[in-house]
Amino acid sequence: MNLTGIIGYTITPFTENNNVDFKQLETVIDTLLDAKVDAIAALGSAGEAAYLSEDEWESVASHTVSYVAGKVPVVVGIAELTTAQAVKRAKYAHKIGADVVMLSPFSYYKLNEDEIFLHYKSVSDATPLPIMIYNNPATCGVDMSPQFMLKMVDGIENARWIKESTGDIQRMHKIYKLSKGSVPFFNGCNHMALEALNAGAVGWCTIAPCLIGDQPKQLFDAIKNSNNEKARELFYQQYEFLEFIVQSGLAAAVKAGMSAQGIQVGHPRKPLLPLTPLKQEKLKSMLIDLGCFS
Amino acid sequence: MNLTGIIGYTITPFTENNNVDFKQLETVIDTLLDAKVDAIAALGSAGEAAYLSEDEWESVASHTVSYVAGKVPVVVGIAELTTAQAVKRAKYAHKIGADVVMLSPFSYYKLNEDEIFLHYKSVSDATPLPIMIYNNPATCGVDMSPQFMLKMVDGIENARWIKESTGDIQRMHKIYKLSKGSVPFFNGCNHMALEALNAGAVGWCTIAPCLIGDQPKQLFDAIKNSNNEKARELFYQQYEFLEFIVQSGLAAAVKAGMSAQGIQVGHPRKPLLPLTPLKQEKLKSMLIDLGCFS
Amino acid sequence: MNLTGIIGYTITPFTENNNVDFKQLETVIDTLLDAKVDAIAALGSAGEAAYLSEDEWESVASHTVSYVAGKVPVVVGIAELTTAQAVKRAKYAHKIGADVVMLSPFSYYKLNEDEIFLHYKSVSDATPLPIMIYNNPATCGVDMSPQFMLKMVDGIENARWIKESTGDIQRMHKIYKLSKGSVPFFNGCNHMALEALNAGAVGWCTIAPCLIGDQPKQLFDAIKNSNNEKARELFYQQYEFLEFIVQSGLAAAVKAGMSAQGIQVGHPRKPLLPLTPLKQEKLKSMLIDLGCFS
Amino acid sequence: MNLTGIIGYTITPFTENNNVDFKQLETVIDTLLDAKVDAIAALGSAGEAAYLSEDEWESVASHTVSYVAGKVPVVVGIAELTTAQAVKRAKYAHKIGADVVMLSPFSYYKLNEDEIFLHYKSVSDATPLPIMIYNNPATCGVDMSPQFMLKMVDGIENARWIKESTGDIQRMHKIYKLSKGSVPFFNGCNHMALEALNAGAVGWCTIAPCLIGDQPKQLFDAIKNSNNEKARELFYQQYEFLEFIVQSGLAAAVKAGMSAQGIQVGHPRKPLLPLTPLKQEKLKSMLIDLGCFS
């Protein structure tokens, strides 16, 4: 599988009774497909995976795979505290026909490199699914250097891609340079998309298409087509919006935005709170400026 | 209840089959009581709470309360991702007769202050148990300022103590100064015990008595008795050991140490790994120097 | 004046007796002109301005202006601890016919924004020379936000450009977005050139042409011509070299490189030390790879 | 010489014409002696040394030594960018009869350890004066580890004391532990005085006695006499004031305070600005609370 382009992330809609709303999950998936994403990822941080029960997690994963029905590849995010749980989830993802596991070393204790390596290796040994190594110290509590992630790509059979979300463009330069361009990496920091793609990222993992349609895809295409002026223009159009959703919390921001657009997806789970009215207004005005609010 | 002095933390022993070893948990508790601790805390970070199933967590909590049997107060640590789970655990702690809940805002997303406040308030509203606010951004992923924690003590009924584990002594000065000394706080950073207690901390939350007996209690007493020279001497005797167990991971370090001392408590759960042989040797030599290895 | 493109920086050559070597300064200037730079900057950090006496500083400035003789604009760097000295140097720069003052708020104490604003305003009021605001907290000890620098461009008559050297690409996005693209900014962080120019920087301030000729200019042109593939290729060719000279200290690295290339420019002034033999070898091998060593 | 206790720092008073006011410098020195300081230090950061001409610097140094006239030892601060200048200043300090040189590696470029070592060694070789190694990355731009400073004490003949101003108490624990208590160190971070002295600091370098008399000395004595309760009380009385003068800039804050107390010492030199009226009021109210304003 040649994973590239825009990987669109789903949020997990809830009903008023705080149950997963599978019907609206389908709407979210349709929204992403309409936005021309090249793959769909479920149960990332924006999908509130950490706040679901194991049953809910499994249902969301399987429902996503079956509803996407092979139109594009499906990535399933796994961020479990214990290796045993991570392995269990990966096996489930494989059983239901997911295409890729996105694995991050969620930690309570800071993990050392030996511990992280074995964690990834155990998941790799458990299924044939290819693995995207996901580095996001802001949510996962542990940071992995480019050197170490490349070592994992080299030494762990199914580790194939890197998703870099530290916000430090030098990490991407290091990945590209140290691997002589041979290890594909994705941008995981929304408001860094322009430089990441210029630096050689093969794609961009983002929740943004849930709200602004194919504008991320247009930006991706402009850079691939060497249309620098258009790329810069598209990027700065989206810039404040991209920074806003990151800083406001992706789940809360995207849920507020979709509801404002008329797709009721409920609130994030506590302790997460909905956007304040002030922030809702700010988001709405940005969506209007981007032509995504009628 | 007037909580003060040394709050000794338990590790959670595992059998060879990776089940909780309740018999050895009793040995750990006896070790702490022999070390003259003023209270016992279960299911803190050193107790691998994050790596237990809900059933295991409940069993450890109830077994600890019943085995301590009122000899000293029992604190139960709660660090759950969702507010619903935190409330459920607090109710359980109350049901089994625990004395104090130590609550930290474990997060995947960075939480804002409104979210944290409501999280604490929900737990406070659920039971009459007094709450220790526990700030440890290194494990929990979210940092709370002295000003904010004092606001919670002020506005949330059962919030009574603060445990500060950032390692920044200025935080304690701020707590003391802003509350005019009225809000009791605990030191949660082992290798900062000397200055924390001098700065007005009412006690020290520590796993160290599992390995070095009443030496932390001796240090506490020396400071309370204004015996500065002795306090400095005791602190520097323990300093490298205290820094070592923090930097090596408390659960792995203490389990290695107890096993070396002849109390088999098993290994930490994966992805956590046991200490390397080199570190085991280092720990052993420090325990010998401290007179805790025969 | 429409400053854009590559601004090439000079080092300050010393004789064996540790005096300024004006003859070799001419060679350095010729090297930059051969490298097709669009402007020449003297007395930046790489020019060891901080380590020159006032007399030496003035001689280097006037010699540079007269030798360049209008072929390209000349920028003079000013980084003085007192406002009085900064004003004096700016007046001198104006007197000798320099075109631009690059001004940074070198500090011992951390300066607040009122202090920095008045410092810049005093220099602006002293001469009609246009000013480049230079932000480099790593050398100058004080950091200026995009918002504050834009406020200075707005409120201080001669302030016209910004040179951003923090290494944080988000700063450039903020400058571009907040000024609606109206305030020209330069990249001042060598190993960030690719993303800075893609983000809208009008040019790149760099010492690199002293050693690798017009390769920085080629990179600049490739981006302006929307030749993304070539830009990426050129950038990664230079990347390790650019990072190396920054991390080794620009003056020491460039002096070692030029001497290796046969242009004897002496050593940096103490406490700065020449590159170690190991680093000299590393630099030489990189220059060979870049085709700049025969 | 056995340097210990409170080392009181002078500010450098200016006349209305912005010249050094030597008569008021004598008043400052008298103020320190009345405050029972154990030594006097001139030309530290609070003395605006970085903003004086070489002539002024020499005059302040010699005037201080002659006016103190052996009542207590005199420390002279040296923070020069070039090694040559630092050596020249040290020779001057020796010639006029100063007792100690306090040397910091003021930098434009980040210096590496070899460069710093040679800088200190050159100064040490130039005079027989004992040297206090002064680590203050916030002003000097370079940070020295405890390990490295101890290496300098070990390998450089006249290096005898360390003044630690990072604000990180762990640095002091490291100095004490690694040197087995044999290398005397001073606290250089005002609002950390309580823990520094408890951690084994032999003294406290501070400008505070200029404004609050012998209260720092009282705090020092309380700790040395193992009167912990009194020490804590004294520390928290001074705490906000100590933090305030650090955060407002020592020179500006102390000059504002002395002028408010009736001793006209002028303003700091530009770009430094006087305290704002709001901050002057805040300072005045703190001085009233401390009984230092009538």
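All chains are identified by letter, namely A, B, C and D, in their written order; residue positions are counted from 1 within each chain.
Going forward, contacts are C-beta pairs under 8 Å (C-beta built on N, C-alpha and C of every residue); 3 or more make two chains touch, one makes a residue touch a chain.
Model, not experiment: these values are computed from the prediction.
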Looking at C-alpha means, what's the farthest chain from subunit B?
-> C
What is the distance in Å between the mean C-alpha positions of subunit A and subunit B?
-> 35
With chain centres taken as the means of their Cα atoms, state the distance from subunit A to subunit C in Å.
-> 39
Determine the centre-to-centre distance between subunit B and subunit C, using the mean Cα coordinates as centres, and give it in whole Å.
-> 52
So which bits of subunit D are touching at least two other chains?
-> none
Can you name every chain pair that touches?
-> A-B, A-C, B-D, C-D
Sort out for me which residues of subunit A touch subunit C in the complex.
-> 167, 169-170, 173, 176-177, 181, 191-192, 194-195, 198-200, 223, 226-229, 231-232, 236, 239-240
Listed in rising order, the residues of subunit B that touch subunit A in the complex are 45, 50-51, 79, 81-84, 105-112, 114-116, 118-119, 122, 138-141, 249-251, 269-273
